[in-house]
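In what follows, chain A forms one complex with chain B and a second complex with chain C.
Up next is the complex of A and B:
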């Protein structure tokens, strides 16, 4: 076990007692056991192809699989594909699939399913996967267990697009020729994963059971997984504390409860398993409006934000200070960029330079900030931002709304400043470039380049880096992108999020990859105590 | 005969009101910013034009509003509440799944609060000015003034975390495979905390109301006459005072009974009880129009029906009240 675990005297003596027969226990995971996990909010559907929400990905990640998985340092690992080759020109991707894989309804899984998924299904329904799959000129299945993707041009991030939420493989025999979104089979998901849907009592729980025909012999170890829908944060803490549930992830446990839960002897805390998603929080400026269209203003704001405070007091020490547009856990991150430490003097100096003088009331300029509607922590971030900017004479009015209202404002460019949080999806070309390139300024579309940043050099670099083949050349381009963007501050990057995952110590091998709790849990096993 | 005529008239009025509610609600929720497609995009962290227009087309949001309304009303008249595209299931199924859990919780809490509240009110009124009266008043005021979620959380802390007597969430032991009496007991076990939490708040209202109303009746002439006739105190309280004092309580209970099926957002959330209140709340956030309208129709129907029943109950409790035109 790579994770450090604090051994209580009791656990230590228990281990000593077990020692004679213990090696078997430690080496050989045993069958059996039921994991009870928190899920919040309740997923809208378990058909992972038509919903990209995190709760759907967590639960349906046990039912559906993709060709690959990714380690915590984002190296591809075998999934439904046991091996893969990328041609020297970077245009041909060949995946060799595991044999004897069956769908939950007993039908064999073949390369045809992958071809159908990539050429028809994902292109029709999946907003994130669509632009990736459209890069393929042809997708062919030379035999039952081989799939060949011939790309129009090289695209190095292609190998990062094969985790279950980005490219779930769906059964051709069920979906081909139907309306994918309306197919009644969406109620009874049929995947290849280690667990099958047994029952979903809306508002209460989702019951998954072991897939006895799973293609990895002997796995999964668990008999069943229950996902309990617990809408109240207080109730979730109690559930973990009393052992009524064994696993919490993402924002299930509020940050201020983390220090207390961490101290409980039956719980283990890890922040691993979020490397692929690589979520980052930033302060977004609508660059169409003054004073946000002036780089000096954005830099002044950046200098006025104490990001250590944000991490230590709002996120209770979880997370890493962001240095630029690319999250440090994904490829091509470069730390060598201009820095914006807390510096109120410099901030005021920049505002003075712009001619924004303090009025009689000490206010230089007034702006509104749309608070992110994703929970209390973002309200606190908005309140902190208001306080921090007041120190340099920027008066912030906080506007609150729900997800629908916020989304409507932001996608239609009807805002001045807002916070945003988004995943970078394993590669800058998949999750970062979309926010800064001119061609992705699309009114009415969330998570596009909503703030309207445009820079021909950035467009050129992102475009070239995506299709380049030579690693050193690619890195040089991404490094230049990061230096230019950090200099320009199109948005103020605040924090790389780390989420607390609490695991009841009866369960092992829960987090084994960079996709964390969204992974398939084939390796999770229970230790009897 | 007169009673039947009255009921028939009220039913017709009720249908008109229901239709008004449907149209008003339909238009009101469309005025809120955002639609289900934008919510789904916001939750997914991914969107493009194709995705949004596909969703809008599927939800029927690409058609003119009056056309959407006409289709909806036509469906409702044929008892078809439509389809929740977000959850990919018929609205009627989603609602019916939640009704038993909701009624079990709110019904239990309703009866509990009514019985205990009225009893406490009688106790307080008959011992007015004594310490037991003050105690009832203080307790009632305390639970009336305290936020219900806090009472729930404190209940969880004491009975689930510290004492370990009661489960803190859910409606039954998931994966317990219990049946029959064992299952009923299990549900009861889960019901205690949320039902009491919800009942405490309403109990306070009934207790205070009963007390005030009884004190008012106590000084009426007919009560003095009853005393003068030499009737026993118990009989006076039961027959003369309580029967008259209970009318405002019935009114209040009637109003509250109408909301039974709406559930309680707060208690259902704190105790993860799979009821309609939570569903309604989540549905508003998700702009799941059809499901939300379904909840509205169900709850308005209940309110109208219970009002009618309350009026009929009046006529039994107090013969002076006639069911007029």
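Up next is the complex of A and C:
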């Protein structure tokens, strides 16, 4: 007898009420209003299946939907699926879909669209979704509104893989049998979401309008959303100050502008809505080269980095010091790991032990650091790293390049040290294991195990933990993984990033989930003053 | 006329230009800062010495601190050396290249001249700053690639200037006399003609140092500076995003660039007056 994890509509509405961010006032949301949001940089495309960049996810998250959404504590919430069950053996996932859902072109949305998306579309185009969907032995649609995934073996994180940028559901009637990447429909996205694409003026704005046939009656409340392309950081601040735009997210507003904007009466600041992505920044060592291949060197570097400084002086307090490979907002995080507080003496001691003595110029060893080309904040992080390591006799030469140049170097293992920032995607098996398991050492692939860490015990634990069913057993394995990795320091985890989201107070219910601004905005409404 | 007298004469003419005197004074100050600064202000300009965003006119940090808490005054003092070094080395390289190509073209004329001048024009048709950006971006930003890029975009005007001088000088009697005496072409170019063409080259060169400093600053401003070198352009570039909240971070390095470039221009004008007395004095 399978245990059922059913979410009744009543339980659901109770859960929604408990969600942080829900307004306390009982005012009934009104129809109407236009939200103007910043988007930067401009998305390369709105076809979310093909591009997983954040700007695409933000805009296309209003057009395309997935089966689920996730709360800020990463519990699944209904999306296109109104309820779901997981069998006791962890191998069968049954999703029951909402009825009367229509695509933007008027065609009905059915379970066949989900089967097509999971078995054909995502497996071909979506690098992150492919390994997850390949775990399904069969995907069937017993009726128009039910989809059953039969997995080859249990995979608990499977339930975490259903947000719009990880598994966007695409229309079978448009894509089946075509070249997915070149299909002209990619220019005129057809989704099930609360908003439709009206117009995209490249370099200026993207105009989305209300989907009057949306499956949630009465929603969305807004008439339209404008995404304004504002590449200049200074212009973005002014746009938020003057009320020209109503919403900024991710790195739109530079950290040092946050205190000033926070004080403005018409803006509200929240750091919620990034729990699913759970981004972490770390210092990456190429373990193929000396001295980085010596654990003592990596520990020495870790002891020399003042992470309070990084959080307070570079990120202006927006962030949390990382303790290990798993972000504290995603499941199976364990804080009980070895600690590396700032300790220059210990750092120097480890370097002495290695035989790296200070030369006449005070330098023990020279290494190159490729600065992350994602903007000024990472440039400052590189400058800080150089100074911090100079204190223990490690001379760092900073190398700068553009995004493509940096990517080429890192994915072809042609670097010594670099910073990296990556999302953990709701579960260690989706976003963390990829960085440390031997089978994911793939030359030429960015965001794989680029530094070449290999440890049979880690491989075994990640492999077993992903397919285990018993929660206590899973936790024990992830805890062991964290202890081993933190002892080994394959990379030096620095900071769990928090991003400032500024919302004009005229708008309510903007951030209602752990997907944040990438969510569909069906509940966002405007308050008339 | 002995060398001493010539120098005194030169100085007489130079100091008639008041601006040039001011420029020289400022330039000497900047040069002194570059030479002695690191001794007078020992330490590392990259050290995060204090709290970030400290306002200027504070006893500890007279010019304030930047976004990471680095001392702006230290940055300006240490940056003087980098900015001037880049300015002078790049100019030296550009002038050397320009003189060689220009003199060969001007002296030999004919097909050699045509080929070399078409080659020069090829470089002149590319907008120089855009070209510098491309070069630095391709060869990853470092002090060597920046100097090389500035030199590569700066030599064509020198080549054309030198060629012009050579075209007029090679018809003079003293050159023809050397030819009759059977002197080698190399001797005639470098010993006979070049010394007579040196004044306009010096004037052009002094102005080129100023341009080189500006190009380096612009490159750094765009994030294409050497990330391991504290230069004025880097300081402005890294403070650009905080212009509205922290004016002092870009104001002081900007002032340093302004004064240095102005000084170099004034000195260049003074040199022009002193070296070509007939050209400049007649009109006044």
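Operating definition for what follows: the second predicted complex is superposed on the first by the 503 of 529 C-alpha atoms of A that agree within 3 Å, B and C clash if a C-alpha of one lies under 4 Å from a C-alpha of the other, contacts with A are read in each partner's own complex, and residues count from 1 in each chain.
By definition in this document, contacts are C-beta pairs under 8 Å (C-beta built on N, C-alpha and C of every residue); 3 or more make two chains touch, one makes a residue touch a chain.
What you see is a predicted model, and the numbers here were worked out from it, not measured in a lab.
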Mind working out whether A:376 is in touch with chain B, chain C, both or neither, as first, second, both or neither? second
Classify the contacts of A:260 with the two partner chains as first (chain B alone), second (chain C alone), both, or neither. second
Looking at A:329 after the superposition, I want to know if it touches chain B, chain C, both of them or none. Which is it: first, second, both, neither? neither
Which touches a greater number of chain A residues, chain B or chain C? B
Quick one: is A:347 in contact with chain B, with chain C, with both, or with neither? Answer first, second, both or neither. neither
Once the shared chain is lined up, is A:234 touching chain B (first), chain C (second), both, or neither of them? both
Touched partner set for A:187, first chain B, second chain C, both or neither: first
In the overlay, answer first, second, both or neither for which of chain B and chain C A:211 touches. neither
Taking the superposition as given, does A:403 touch the first partner, chain B, the second, chain C, both, or neither? first
First (chain B), second (chain C), both or neither touched by A:451: neither
Chain A residues contacting chain B in one complex and chain C in the other 234, 401-402, 405
Going by the contact rule set out above, which residues of chain C touch chain A in the complex? 44, 46-48, 51-53, 67-69, 137, 140-141, 223-224, 227-228, 238, 241-245
Taking the complex as given, what residues does chain A use to touch chain B? 34, 36, 41-42, 44-45, 47, 51-53, 125, 127-128, 130-131, 181-182, 186-187, 201-205, 207, 224, 226, 228-232, 234-235, 238-239, 241-242, 244, 401-409, 411, 422-423, 442, 444-448
Looking at the complex, which residues from chain B come into contact with chain A? 32-35, 38-52, 54, 58, 86-89, 94, 97-98, 101, 153, 156-157, 160-161, 164, 167-171, 174-175, 269-272, 274-275, 278-279, 282, 285-287
Spell out the residues on chain A that touch chain C in their complex, using ranges where they run on. 233-234, 237, 254, 256-257, 260, 309, 313-314, 371, 376, 379-380, 382-384, 386-387, 390, 397-402, 405
